[in-house]
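Several structures are given next for inspection.
Shared between the two complexes below is subunit A, which has subunit B as its partner in the first and subunit C in the second.
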Partner chain A sequence: MKDYKILGKSVARIDTPLKATGDALFTADIKLPRMLVGKVLHSPHAHAIIKNIDISKAEKLPGVRAVVTREDSFDVRWGVFKYTQDHQLIAVDKVRFVGEEVAAVAAEDEETAIKALDLIEVEYEILPAVFEADEAMADGAPLIHEDHPNNVNIHVNIDVGDVEKGFADSDYVREDRFSSSGETYGMLEPYTVIADYKAAGALEIFVPTASPHTKAKALSNLLKIPLNKVIVRRSNVGGALGGRSDIFPLDFITATLSRKAKRPVKASYTREESMTCTRQVHDMIVDVKTGVSKTGEILAQDIKVIMGGGGYSSTGPIAASVPFLVWEETYRLPNVRLNSYRVYTNKPIRGMYRCHGRAFLGGLGMQLDMIAHELGIDPVAIRLKNALQAGEFQATGSKIFGCGLSEAIKNAAEKSKWAKKRGKMAPGKGIGMGANGMMCGFPMGIRGGSSAIIKFNEDGYPTILTGVVDNGQGNYHAMVQICAEVLGLNIPDIHLVAADTEVTTLDMGAYSQAAVFVGGNAVKNAAEDARQQIFEIAAKILDCNADELAIEEGKIFRKNDKNSAIGLHKVIRKGLIDNTPVIGRGSYMPEVSRTREWVSNPKGQQAGTFSFGANVVEVDVDMDTGEVSVTKATGFHDCGFPINLKAVEGQYEGSIASGGLGSSLMEEHLWKNGRMLNPDFLEYKMPLAVDMPEISANVVITDDPKGPFGAKEAGLFGSMNSFQAIGNAVFDATGVWVKEFPITPDKVLKALAEKEKTVK
Partner chain B sequence: MLKLPPFAILRPRNRDELKSAMTGSEDEFKILAGGTDLINNLKKRLYFTTSLISLKRVEELNYIIYDQNSDQLKIGALAHLTELTESPAIMNSAPAIAAAVKTIAAPPIRNRATIGGNLCLDTRCYYYNQSKSWRQLAPTCYKCGGGVCNAAPGAKKCQAVFSADLPPLLIALEAEITITGSAGSRTILLADFYTGSGGRPNILQKDEYLSEITLNQARKRTSLYRKFRLRKALDFPLAGVALSFDKNSSGKFINPKVVINAVASGPLSVPEAAEKLNGKEFSDQAAIQTAAAAAMAAARPIANVGSKPFYRKKMIGLLLKKMAAELVAGQEA
Partner chain C sequence: MSTKKFEVRLNINGELEKIAVSANETLREVLRERLELTGTKAACDDGSCGACTVLINGRPARSCLTLAVEAEGEKITTIEGLAQDNQLHPVQQAFVDHHAIQCGFCSPGMILTGLAAIREQQAELSRNEIREAISGNQCRCTGYAKIVDAIQAASKMKSEE
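Take a look at the complex of A and B:
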C-alpha cells in the first residue's frame, strides 16, 4: 500500500463527534418559524377508481391551513426516465396500492391534522387487484396501467453470443428456480420532508436524500419552478441503502401544501408509512439454465426473471438490469441471454436496494456451487475458473480495469481456512463462499458526472463545495481527506459544504456507487487545480518556477530548500491583491458509453470502473429445528485503495448485517390482500447485535487506474453476495439447498425432510 | 412516529391511594407499570383509555423476598424484570425464573418492564397490533369489539396469541398470585388467572390489580423454559415450553408439569404430556417422543404471528425434546 500522509489510514471521521453526541440534526429535528404539520391520507384499497373526494368538512376545521388533493396534481407524472412517467404523485383517477397518497392536510398541530384527515370523504369504486408478479403477468389479470399489456412495466432483453450452441457444447446443463419475497430497506430514520415555498417563488426543501440535485430537477419539472429556485438542503441521512434516491409523493405533497398555505410545512411519516409509502424492495422469481464444460467453465446461461414492481415504475429499467449487470461483472459469460420482466402489481412501489436481487445473485451463485458439487469441483476453483480479470470485457461490452477478484477469492479462502473446512466440518456446521463485482458510476447522462470548487479565505484555509452526498458511509470525510492530501493540509484545516443545490454543482449523489470514485476524482482535480494556482503565485514570491515547488503543513517551499517556506495564507493574500484569487475547479465524468441505454441498447461500457469482493461465511445449523446462525464472515474487498480503512471495514460490517445475513435468513414482507402484515421493526425481522457473526474485514489493493488515488466503490460486496455464501454454507452444513429466500428454519426443516424421504 | 392519544395520568404514592384512584376514576383507565407494551398499544389506539394510573410511586409493590425456612418466594408485581435476573433471593430459590427473564425482549426493555406487566400482557395478533388506520382497512375484529376474526375467518372468537414468557414457567412451578381489588384481596393459582380467550386474556376486573406472585415451595422443583423466536433477542415467543418436576429425582421426571406457550390464546397446561413423562428417565426417548407428540397435539397455532403454524407446532415437540437432552447433558437451568 502506498504511504500517504492522510490517506489509507484508519481515522475518526469528521461527522463522528456530532453523531456520537446526538448533536447531528436530522430533518425531523429542524424547526422553521411558523411551520405547520402535514399529514397524508392514504388509499385503503389496493386497486380502485377514485369517484369523488370531498374536503369541505376538513377545510372548515379550525387550525387547518391547507388541504391538497388531485385538484393540485399539476397534471404531471413522475418517472425516472421519459418512457416511465407513470406516477402522479397525488392519486388522480385511481389508486394502485394500499397506502397510495390520496389527500393531505397542513394544520397548526398534529392532532388537528389527524382530525382533518378523518373528515375527508373519498368515494371509491373497488377494482379487482393482483398482488403476485407471476399472476399479474398472466393473461386476463386485471390491468394496473391500461397501456401495459400483461402488466409488464419493463422488459430487458440481453442476448450475447450463441446461447443454443453454448448449451449444445456443454458437458453438463442444469436448470433451477430461485425466489425471494419483498424486503424493506429499514432505514432507522422515518421519512420526513420540510418544504418552505417562499413568496419570491423559490422552494426550499429539507429532506433525507441520496441525491439532492436529482430531487431538485424532478421538483423543478413537477412544480414548474426554475432549477435555480429549487433549493434542496440535505440534512443528515439516517440510512439510505439505495432507498433515498428517488422522488417520493411526500416531497411533492409537502411542497404543494406549503405553496397553498404560504407557510413552511413539515411532514413526517410513521414507521408504517415509511415502510409502505416510500419504496420497498422487489420480490423476484428467477429461472436459470446454465451449461458448463467438464472443468466447470460457464459456456451458456439463459436467465428469466420476474420482478414484482408494485404500482409504478420508479427506477424500473435499472432495477430490472442491475442483478444481471452485477453477475456479468463477476464471471466470463460467452453466451448469455437475459429476459428480465418488471411487472406492475397492486403492492407498494419497489426500488433499488443495496443488495438488490437476492434470488438472482443468491440463486446464480448457489447454482454455481450446485454445478461444482455435481462435477466434483471445489466452489473456490469454479469461481477462479470463471472470474474476470483486468483487461477483459464483460458480456455486454464493459472493459474491466483494475481487478482483484481472483485475489479476493483466494485470500478469503486462505484466511477462512477453506481447504480444511469445506466438506469436512461436523454435521450442522458449514462454510460457503460468494463473490461479485460492482459497478462504479452508471451512464446517467449529464447527471453522471461531478464537479467541485475549492475556495480559500484570506487566512489560507479552504472550503470544498461538492454535490457529493454522505448517507453515513463516510463520503464527506473521504472528500476532505483527498483535498488535504493534495494540498498538504490536515483534516481539521478544511471545511466542507456538500449536497446543497443552492451552492453546490451538479452531482449524481450517492448513487451507483459513484461518490468516492466520481465525486472524489472531481475534488482531487479541483485540489490539484488550486495547488497549481498556489504554486504559480508562490513562484513569483520565491522567484522560481511553479514546478519547483512543494506544499506541506500549510507551507509552500522550493523542493530543494525547505527553509524557503512561506505560509499558504500569504500566497492566498497575494492572489487576492493581484486579482488572481485561488479558486480550485475540478470535474470528472466517468468514461461510459454515451449510447448505452437500459432497455433499448444495453451494450457498451456500463460504468467507469468496477470493484470486486469475495466473502466466506460459516454457519451453524440446528439439524433438529433448521435454525441457522452465521458464526463467522471473512471478506476481502478490492476497493482499489482504501481512503479510510476503518470506513471500508465498517461498510463490510454493515453489509453483513443489513442485506447480508438479514436478507439471507430472516427479512421478508408478509401480506394479506395488499396489506403489509409486518410494517414495523418488531415483526419485520432485521438482525440484532446478538445475531451478528464474528467479522474479519480485509482489503485487496489494486490501485484502480481510474480512481482517485486508486480508490473505487467500497462496501456492497458483503451485502450483494452473502445470500449465495450463506445458501452454500447451509448446503455444506446440511446437504440441502434452500432455493427460496429468506432461508427460514421452516424451509430448512422441510428440505431436510424431503431429503430424508428421497434417501429412504 | 405515531402520536400518543391525550390522556390524564394519576400517580398514587401508596396502595391506599392506588385503591382510591381506581375506585374514584370514572374514566376508562389502564394501570401503567413499565409501559413497554401499553405505551405502544396506546399509540396504535388499541384502547379507549382516557387515563392512566401509574404504579411508579407505589414502591411497596416492588420487592423480592425469599424465606429459607418456609421456602416461600414472594415477588411484588412491580419488581422489574432486570431485578429478577440480579436478585440473590431468586438465584437461591428458583433460578429458572432469572433464566426465563433473560429470554424476554432486551436489556433496556427489561429495565423498565415489570413481572406484573408480563403476567398481564395482552394477547397479540398481526391483525390487531397495528395502527388505527391500518385496522380500519378490515372489518372490526372481535378484539376491537366487532364480530369477525381477520386472522382466521370463520372463527367463533378472538384467536390472538398469548405471548408472555413468564406465565408458563410460573404455572409449571404452581405459582399463586394475589389480586387486590376494592373489596379486598384474593389469592388464586396463576393457572386460573388466564381465560384462554384472545379477547380478554385474564380475569382481572376493572377495580382489581395483580399485586403479588408467590411460590410456596420455591426450591422443591426443577424447572426450565425454552422458546422459539426468529432472532436471538427482542422477539416475543413463537412457541414456548415450560417443564418442571420434583428436584433430586435422580435423573427421572417425578410429578412433571408441561406448559406450552404462544400456540393458543393462553398458556396451556398439557397434563397428557406430563403423564407420559412421569417416572421416566430423562433419557427415555420413547417417553419423550410420546410426550412431545401430546404437547404438539395440544398446540393450536394459527397464522397471526411470525413463522408458520406447522413449524410452531413442530417446535413445541422439538423444544421439549431439547430440554430433555439438556437434562441428560446436565445443563438444566
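Take a look at the complex of A and C:
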C-alpha cells in the first residue's frame, strides 16, 4: 500500500463527534419560525377511481392553513427518464396502491392537522386490483396504467453472442427458478420534509436525500420554479441504503402546502408511512438456464426476470437492469440473453436498494454452485475459472480496468480455511462463497459527472464546495482527506460545504456507488488546480519556477530548500492583492459511452471503473427448527485503494447485517389484498447485535488507474453477494437448496422433508 | 384529548425543569419538542428501535414509551448530558475513534445504552455481553461490529480505572 500522509489511514471522521453528542441536526430536528405541521391523507384502496374530493369542511376547521389535492398539481409527471414519467406525486385520476397520497393539510399543530384529514371526503369507485407481478402480466389482468399493455412498465432485452449455439456447445445445462419477496430499506430515520416557499418565489427545502441536485430538478419541473430557485439543503441523512435517491410525493406535497399557506411546513412520516409510502424493495422471480463446458466454463445463459414494481415506475429501467449488470461485471458471459420485466402492480412503489436483486444475484450465484456440485468442481474453482480479469470486456461492452476479483476470491478462501471446511464440516454446519463486481456510477448523462470548487480565506484555510452527499458512509471525510493530501494540509484545516443546491454544483449525490470515484476525482482535480495557482503566486515571491515548489503543513517551499518556506496565508493574500485570487476548480466525468441507454441501447462502456469483492460465510443450521445462523463472515474487497480503511470495513460489516442476515434469512413484507401487514419494526424483523457473527473485513489493493489516488466504490460487494454465499453455505450444511429468499426456517424444513422423501 | 395539564418536575442532565404536560405526552415529546433536546431521536413509536433511549436513574429507557408524568422527580440523562466542558465522554470518544458511527441516527441511543452497561459492569464486558446489552437498539448501517469494538474499548478503560 502506498504511503500517504493523510490517505489510507483509519482516522476518525469529521462528522462523527457531532453525531456522538446529539448536536448533528437531522431534518426532524430543525425548527423554522412560524412553521406549520403537515399531514397526508392516504388511499385506503389498492386501485380505485377518485370521483370526488370535498375539502370544504377541512378548510373551515380553525387552525388549518392549507389543504392540497389534485387541484394543485401542475399536471407534470415525475419519472427518472422521459419515457417513465408516470407519477404526479399526488393522486389525480385514480389511486394505484394502499397508501397513495390523496390529499394533505397544513395546520398550526399536529392534532388539528389529523382532525382536518378526517374531514376530507373522498369518493372512490373501486376497481379490480392485482398484486403479484406474474399475475399482473397475464392477459386480462386489470390495467394499472392504461397505456401499458400487460402492465409491463419496463422491458430490458439484452442479447449478446449466440445463446442457442452456446447451449448446443454445452456439456451440461440446467434450469432453475429463484424468487424473493419484497423488503424494506429499514433506515432508522423516518422520512421528513421541511419546505419554506418564500415570497420571492424561491423554495427552500430540508430533506434527507442522497441526491439533492436530482431532487431540485424534479421539484423545479413539478412546481414550475426555475432550477436556481429550488434550494435543497443538506441535513444529515439517517441512513439511505438506496432508498433516499428518489423523488417522493411528500417532497411535492410539503412544498405545495408551504406555497399555499405562505409559511414553512414540516411533514414527518410515521414509521408505517415511511415503510409504505416512500419506497420498498422489488419482489422478483428469476428463471435462469445456464450451459457450461465440462470444466465449468459458462458458455450460455438465458435469464428471464419478473419484478413487482408497484404502482409507478420510480427508477424502473435501472432497477430492471442492475442485477444483470452486476452479474456481467463479475463473470465472462460469451453468450447471454436477458429479458427483464418490471411490472406495475397495485402495491406501493419499489425502488433501488443496497441489496437489490437478491433472487437474481443470489439465484445465479447459487446455480453456479449447483453446477459445480454436479460437475465435481469446487465452488472457488468455478468462480476463478469464469472471473473477469483486468483488460477484459464485459458482455455488453464495458472494459474492466483495475480488477482484484480473482485475488479477492483466493484470499477469502484462504483466510476462511475454505479447503479444510467445504464439504467437511459437521452436519448442520456449512460454508459458502459469493463474489461480484460493482459499477462505480450508472450511465446518467449530464448527471453522471461532478465538479468542485475550493476557495480560500485570507488566513490560508480552504473551503470545499461539492455536491457529494454523505448518508453515513464517510464520503465527506473522504473529500476532506483527498483535499488535505493534495494541498499538504491537515484535516481540521479544511471546511466542507456539501450537497446544498444553492452553492454546490451538479453532482449525482451518493448514488450509483460513485461518490468517491467521481466526486473524489472532482475534488482532487480542484485541489490540484488550487495548488498550481498557489505555486504560481509563490514562485513570484520565492523567485523561482512554479514547478520547483512543494507544499506541506501549510507552507510552500522550494523542493531543494526547505528553509525557503513561506506560509500559505501569505500566498493567498498576495493572490488577493494581485487580483489573482486562488479558486480551485475541478471536475470529473467518467469515461462512459455517450450512446448507451438502459432500454433502447444497453451496449458500450457503462461505468468509469468497477470494484470487486468476495465473501465467505459460515452457517449453523438447526436441523430440528430449520433456523439458520451465520457464525462467521470473511470478506475481501477490491476497493482500489482504501481512502479510510475503517470506513471501508464498516461498509462490509453493515452489508453482512442488511444483505447477509437481513435479506438472506429474515426480511420480507407480508401482504393481504395490497395492504402491508408488517409496516413496523416489531413485526418486520431486522438483524440485531445478538444475531451478528464475527466479521473479518479485508481489502485487496489494486490502485485503480481511474480512481482518485486509486480509490473506487467501497462496500456493496457484501450486500450484493451475501445471498449466494449464505444459500450455498446452507447447502453445504444440509444438502438442500432453498431457492426462495429469505431462507426462513419453514423453507429449510420443507426442503429437508422433500429431500428425505426422495431418498426414501 | 384532555386539555388538563399536570406540572411535572424533571431532573434533566442535572438541571431541574418544571413543565406542564398533558397526561398522554411522552417523555420523548417533552425532550424533543419542549426542551429542544433533539439528540433523542424518534424512529418507531413502538419501542422497537431504541433510537429514543435515555437514561432514567442510570438505566436505559425508551422515552417514547415513557409518559412525562411517569418521569416526575426522576434523574434523566440524555445524550446532550454526557460531554463535559467540550470534552466528549469516554464512551462517545470511543464511538468516534472506532468508527462506530455511520449515519448517526441510532448513535445517541446506542451510546447511552452502552454507557449504562459499562457503568453496571463487574469486569470488562465480553463481546457477547455487549451484543446482549445493545440488542434493544437497532442500527442499519454498521452491522454492529464497530459499535461492539467501541463499547469494548470503553469497557476495558473503565475496568482498568
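In this text, the second predicted complex is superposed on the first by the 760 of 760 C-alpha atoms of A that agree within 3 Å, B and C clash if a C-alpha of one lies under 4 Å from a C-alpha of the other, contacts with A are read in each partner's own complex, and residues count from 1 in each chain.
Here is the rule we go by: contacts are C-beta pairs under 8 Å (C-beta built on N, C-alpha and C of every residue); 3 or more make two chains touch, one makes a residue touch a chain.
Just so it is clear, the model here is predicted, and its values are computed rather than measured.
**Student:** For A:L25 in the superposed arrangement: first (subunit B), second (subunit C), both or neither?
**Tutor:** second
**Student:** In the overlay, answer first, second, both or neither for which of subunit B and subunit C A:T270 touches.
**Tutor:** Once the two structures are laid over each other on A, A:T270 reaches both partners.
**Student:** Taking the superposition on A as described, I'd like to know which of subunit B and subunit C A:L568 touches: first, second, both or neither.
**Tutor:** neither
**Student:** Pick one for A:L241: touches subunit B only (first), subunit C only (second), both, or neither.
**Tutor:** A:L241 sits against subunit C, while subunit B stays out of touch.
**Student:** On the A-aligned overlay, A:V616 touches which partner chain: subunit B = first, subunit C = second, or both, or neither?
**Tutor:** In the superposition, A:V616 contacts neither subunit B nor subunit C.
**Student:** After lining up the shared chain so the two structures overlap, which partner does A:M370 touch, if you call subunit B first and subunit C second: first, second, both or neither?
**Tutor:** After superposing on A, A:M370 lies clear of both subunit B and subunit C.
**Student:** Touching A:V690, do we find subunit B (first), subunit C (second), both, or neither?
**Tutor:** Once the two structures are laid over each other on A, A:V690 reaches both partners.
**Student:** Counting touched residues of subunit A, say whether subunit B or subunit C comes out ahead.
**Tutor:** If we count touched residues of subunit A for both partners, the winner is C.
**Student:** Quick one: is A:M666 in contact with subunit B, with subunit C, with both, or with neither? Answer first, second, both or neither.
**Tutor:** Only subunit B; A:M666 stays clear of subunit C.
**Student:** Applying the document's definition of touch, where does A:L682 land relative to subunit B and subunit C: first, second, both, or neither?
**Tutor:** After superposition on chain A, A:L682 lies in contact with both partners, subunit B and subunit C.
**Student:** Residue overlap on subunit A between the subunit B contact set and the subunit C contact set?
**Tutor:** 111, 190, 270-271, 682, 687-688, 690
**Student:** Quick one: which bits of subunit C touch subunit A in the complex? Just the residue numbers, please.
**Tutor:** The touching residues are 1, 32, 36-46, 48-49, 51, 78-80, 82-83, 88, 92-93, 95-99, 101-108, 111, 127, 130-132, 134-135, 137-148.
**Student:** Would you mind writing out the residues of subunit A in touch with subunit C in their complex?
**Tutor:** 10, 12-13, 15-26, 28-29, 31, 111, 185-190, 236-241, 270-271, 471-474, 646-647, 649-650, 652-658, 680-682, 686-690, 692, 694-695, 697
**Student:** Which residues, counting only subunit B, touch subunit A once they are in their complex?
**Tutor:** On the subunit B side, the touching residues are 1-3, 6, 106, 126-127, 129-131, 133-134, 136-138, 150, 228, 230-236, 305-308, 310-311, 314-315, 318, 321-322.
**Student:** Using the touch definition from the top, list the residues of subunit A that touch subunit B in their complex.
**Tutor:** The touching residues are 42, 44, 98, 110-111, 114, 190, 268, 270-272, 624-625, 629, 666, 670, 672, 675, 677-679, 682-683, 685, 687-688, 690-691, 744-746, 749.
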